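There are two complexes below, and they share subunit A, which is joined by subunit B in the first and by subunit C in the second.
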Partner chain A sequence: MSTITTPTTSKQGPQKQGRQKQGHQPPRSRRRVEPIFYLFLVPSLILFTLAITIPGIMGIFFSFTNSIGIGDWEFIGLTNYIAIFSDPAILQSYLFTFGFSIVTVIAVNVVAFLLAVGLTARIRMKSALRTIFVIPMVVSGIIIAYVFNFLFSNSLPSLGAAAGIPWLESSLLANPDLAWIAIVLVTAWQAVPGALLIYIAGLVAVPGDVYEAAEIDGASKFQQLLKITLPLVAGYVVINIILGFKGFLNAYDIIVGLTNGGPGTSTRSIAMTVISGFNGGDYAYQMANATIFFVVAILISLVQLSLTRGRNAL
Partner chain B sequence: MTNQLMTKKSSSKVERVNWPATTVLVLCAVTVLLPLYVTVSMAFKTQGQAVDGNAFSFPAPFSLEGFVQAWTLTNFPVGAAMSLLVTAGTVLATIILAAFASYAIVRNWERRLFRYSFFYLLGAMFIPFPVVALPQIQLTGRLGLDNPFGVILLATMFQLSFSVLLFTAFLRSIPMELEESARIDGATTWQTFWKLIFPLLAPMSATVGIFAFLYAWNDFMMPSLIISDPAMQTLPVRQNLFQTQFSNNYHVSFASYLMAMAPAIVAYLFTQRWVMAGVTQGAVKG
Partner chain C sequence: MGLGLALLAGLLSGCTGDPGESAKETIRFTFSKREAIGFMTKLVADYNASQDETEVVLDTSGVDVVSASFVRGNPPDIALANYNMETSRFVQRGALSDLSGTEAASRVREDLRPLMEQYGSYPGRTSALPYSVMASSVIYNKEIFAANNIAVPTTWSELIAACEALEAAGVTPFYATWKDDWTIAQGWFDYSVGGQVDTLDFFKKLDAEGVDVGPESSVSFQKDFDQPVRKMLTLAKSYVNKDAASRAYGDGNLAFSQGKAAMYLQGPWAFSEIAKTAPDLKLGTFPLPMTEDPNDLRVRVNVDLAAWIPEASKHKDAARGFLEYLYRPEVIDAYNKSQLGFTPTKETANVPDPRIEGMVEYYENGKVYQGPSVLVPRTIPIMNYTQAIVFGAPPASTLRTLDADWARLAFRQ
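Showing the complex of A and B:
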């Protein structure tokens, strides 16, 4: 699961704790770290370095070579990077992934916000409904994609034929122009709960008397929603948009289960092109692709940090 | 008279309970449940009924044929054992490693090594798996970790950031006085951790554990790329069998999907408190 944080906030806490500790303990023990604390920390550091840092460095290193994954290789400078910028397959995967992510982020946030407003209103069966709405989050992406795959290629066309809607009579997934809609629908189906829970947390924090005052001033429910609720949860909107966008850029499981990148290559995500380097023999080339993708991910994280900094009050 | 009373009563209720909103939400809940209903009903159909084209019909008669065939086709006992191994390993390793590291970091925050380690471990939140996947496949292959244990290692390391974040936030709120009184009683740091700190971390461990569980149990991408021997694959990866062969035995494939999905849904129903808390804390408190 992806999360969001502002290191500055996290920093303040432990620092405070550290100062407290210093105040309580005799100065001598402040100077020396108990060896056991290294024992607590070092295994994580070693495994993390082995599992993530070294592969990361390896990837960047090999992106400047012509390695095919095994055997001899030599440095070829920026050749891979130059080739990527004129590779229609990779450009298409970026275009698809960004387009799909933007549409999904909008769909997820509109639906999640409205559901959250409903779930915090005076309704019946509140906790049962909340329980149901979170279920998609805990279901395996690939398996639910297989289930939707069946519905899109069997049930929906027969419904379309019965209703006489021509474009629905054939499978959405077989249509290069429409297959992305199916991917948006299933991804949104699974991503709404996370955004919903965050919006509920935001809405619960809005004091009720604000609405009472607005009611007395004659504001309609819709005006209240637009002029009071939305601005008050703006911080949560930002969090949900960035969290969602970062997650959708990595799209893989659901696409594999629905279209496997097809028809043709019309729904191939960035992650899928990168992984194709594993079988396709263009290992170093796809490492360069992954490195570019990494830079993109870092840039988005920097935007995230600059937008969420100073929102400690949330 | 009675009628009047009743309408009066229900009209005053209309102001209190928002029925339009309730109705809309119930309809939305149906769209959530529909794919799950289709999965369950298809799984219990006979082959004849499963291919008749109506996915929404109720199974008549109820048949366990799909489950029986799915059990042997996907070699379910082995798949379930592998999924269980990966999940249990990831949950345990994540809780223990993250709790250890977080305790060391928070108690030694004034030391540069510990402070930098915190940001270092948090760094994984900015590295998506696809970026490092190719070298990881190579490396796990060379180290003999192209099996469920390699998945445990990688999954744990990707879960570590979120878990360390939650644990450190919580540890900061535990007053030092509590630990000092334990130390005055002669407890070592090791004993203090296990007797005092770890039990106090229980609610956070529940959240960290359920997220590690859901990730490890449901993930397709990582095991499909890291585990090289198909016989050692986890349940989600085994389902691709029905995309290539047996693609028309819908009752078998849906029975298989159901067996692979159900444990996560059941686990969620029992731990929803921690699931819901984890989403909010991970995103907002940070």
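Showing the complex of A and C:
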């Protein structure tokens, strides 16, 4: 995370907001490093190695075996990988996860940006409203999912029945073709506040005099939004898209609480198929799946890094 | 992950291993059936008080921890656990000790052997003994049946006629809870298929076909399950509550206890839930008729609990002592009575609860089957598939997917 955001913001400053910051910091001396810095690093390095790196390497290792998680196993080479590429269930989970992530990222950013514009304008009860909008962020995903599950399965249908609206009477979650919309809605509901905070920070940093100048030149409010605000917070849009996309690719808890991958297999995410390997005795196979997912994630990160680095970063 | 689990499990079992009195030999007894933990806690206390050689420690930490404990070489000394595809892994790799010499083994009904061996066996060993068998079939509301003069159907056409009569009287025939996919797999799918297909034989042949399972193989889901699944859809499309798709298991229990439908495809575990809101409701059970021959009627069974003693246990003799206690007629009968299960021993004094009386003759005569949904390895999402079918996915293509999944699994394992 920090590796992506740091270059973006530091490049962003001098370029687009030139009058606030200027020039480089004096180069630091590299000859002597305080040992205390290493001391800060070591605990997290050890923890990261024990909890992430070693299990990760173990998982990649086992993806070349036929292990079921216990007992004997033997090497079977690339068999698991070959099987994955002909497995419609896994291909479908990739398709679903990517489609879902793209739609959600767009929805979250549009909503969060508009809310942020509203909440940075001169309106009444600004801080109270900001607090209210941020509440979803502090509630755990699985709880949100169960609450919405109840709303979708019980409250909305009975509302539809009472009001005589036939399409509302059947639950959105029970429709294999539309259940993903419910997942997008709930995920966005939870993810908007995070993006909102970043946008507010971005909007506050836009200097007031550019608006003043635009106003004198006769630009309407809408033109100001499109021609001034949007370009000036473009860096924050990129951050939000990257962070959001990464998070949505790992979608798990909200889906489990809402549809548990159903109806049928229509909303199974990649993370859900991987975890099925642990409780289904299909450990090695799903480790191979996880390894592929890992490589895909690295590729996406590289693309995103190259987009945000360099002079022509968004 | 595996490492973390193992570490965690080690910590947990370290905590529970406190011997109390040092003179007694301590054995660890794994049991995690949620509904019966209270019963088992008392049973263990009684046993510990009744003799001064063995101290049994009850460990309720659950299936995943048990699996991990085998990997660490520190499994429980004895367990009563659900007998399924998961346990079969330990059986097939010889991780469970031979119980054939015990008195308990000699009491178990011989004809239940195929039920146990369906999950595999280890040459020359009796690796596990059935302790509690659960039978499930259609639960029906006797009051509604009587009020509409409907007799228990024994053939498919009688069943359809009963459904039509109920519909005509304004009663919903079946209460379905399709939001929870397991209720479809366990009830709708298993009863429909098990009522027509010999699952024992089918899965034996399917195993032999392995990677070749498909349209050309001697047995396949697309060929043998097609007709039962279509019949299931006939019932599912016409005779269920309108909001079935958004109802969950809990909703179903409540609605059924309120008399909102005449029939309910659930196992005996639902009785205690229904009794919470309607303790006096007259309920009965009958096997779902899928053919025109009453001789084909069978009930779905599963070995809800089986006893086993791991090979790696260091206290096998003490564990066997406790095993014999568990199989004492009064103990095993009391347990099964409390959970509405069937006692799998030759002589039992248990009088079945009226609610499960309708299944007794089938169980006694061995007219039973294991549900196909539990015989498919868990890595194949069969519950999701059955849900897709009732929600309108074409059955033929879903069954083809099942065949392909089976062949793919055989290919890599």
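Methods note: the second predicted complex is superposed on the first by the 262 of 314 C-alpha atoms of A that agree within 3 Å, B and C clash if a C-alpha of one lies under 4 Å from a C-alpha of the other, contacts with A are read in each partner's own complex, and residues count from 1 in each chain.
Simple rule for what comes next: a residue touches a chain if its C-beta (ideal position, glycine included) is under 8 Å from a C-beta of that chain, and two chains touch if they have at least 3 such contacts.
The shown structure was predicted, so the numbers you read here are calculated from the model rather than taken from an experiment.
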Partner chain(s) touched by A:Ala219 [first = subunit B, second = subunit C, both, neither]: neither
Touching partner for A:Ala51 - first (subunit B), second (subunit C), both, neither: both
Partner chain(s) touched by A:Leu307 [first = subunit B, second = subunit C, both, neither]: neither
Which superposed partner A:Ile106 touches (first subunit B, second subunit C, both, neither): neither
Subunit B versus subunit C as contact partner of A:Ser170, first or second or both or neither: second
Broader residue contact with subunit A after superposition on the shared chain, subunit B or subunit C: B
Contacts of A:Ile123 with subunit B and subunit C, given as first, second, both or neither: first
Partner chain(s) touched by A:Asp282 [first = subunit B, second = subunit C, both, neither]: second
Contacts of A:Leu232 with subunit B and subunit C, given as first, second, both or neither: neither
Contacts of A:Ile181 with subunit B and subunit C, given as first, second, both or neither: neither
Intersection of the subunit A residues that touch subunit B with those that touch subunit C: 51, 54-55, 58-59, 69, 154, 277-278
Subunit C to subunit A touching residues, read off their complex: 1-4, 64, 67, 70-71, 85-86, 89-90, 93, 95, 178-179, 181, 243, 245-248, 377-379, 381, 384-385, 387-389, 391-393, 401, 404-405, 408-409, 411-413
Of subunit B, residues touching subunit A in the complex: 16-19, 21-22, 24-26, 28-29, 31-33, 35-36, 38-39, 42, 53-56, 97-98, 100-101, 103-111, 113-115, 117-139, 153-154, 156-158, 160-162, 165, 168-169, 171-172, 176-177, 180, 188-190, 193, 211, 214-215, 217-221, 225, 236-237, 239, 242-243, 250, 253-254, 257, 260-261, 264-265, 267-269, 272, 275-276, 278-280, 282-284, 286
Subunit C contact footprint on subunit A (complex, rising order): 51, 54-55, 58-59, 66, 68-72, 76, 79-80, 83, 86-89, 152-154, 157, 169-171, 173-176, 260-266, 268, 276-282, 284-285
Subunit A residues touching subunit B - in the complex, by the definition given at the top: 1-7, 9-11, 13-22, 24, 30, 33-34, 36-38, 40-41, 43-45, 47-48, 50-52, 54-56, 58-59, 62, 69, 115, 118-119, 121-125, 129-144, 146-148, 150-151, 154-155, 158, 189, 193-194, 197-198, 201, 236, 239-240, 243, 246, 249-250, 252-253, 256-257, 270-271, 274-275, 277-278, 283, 286-287, 290-291, 293-294, 297-298, 301, 314
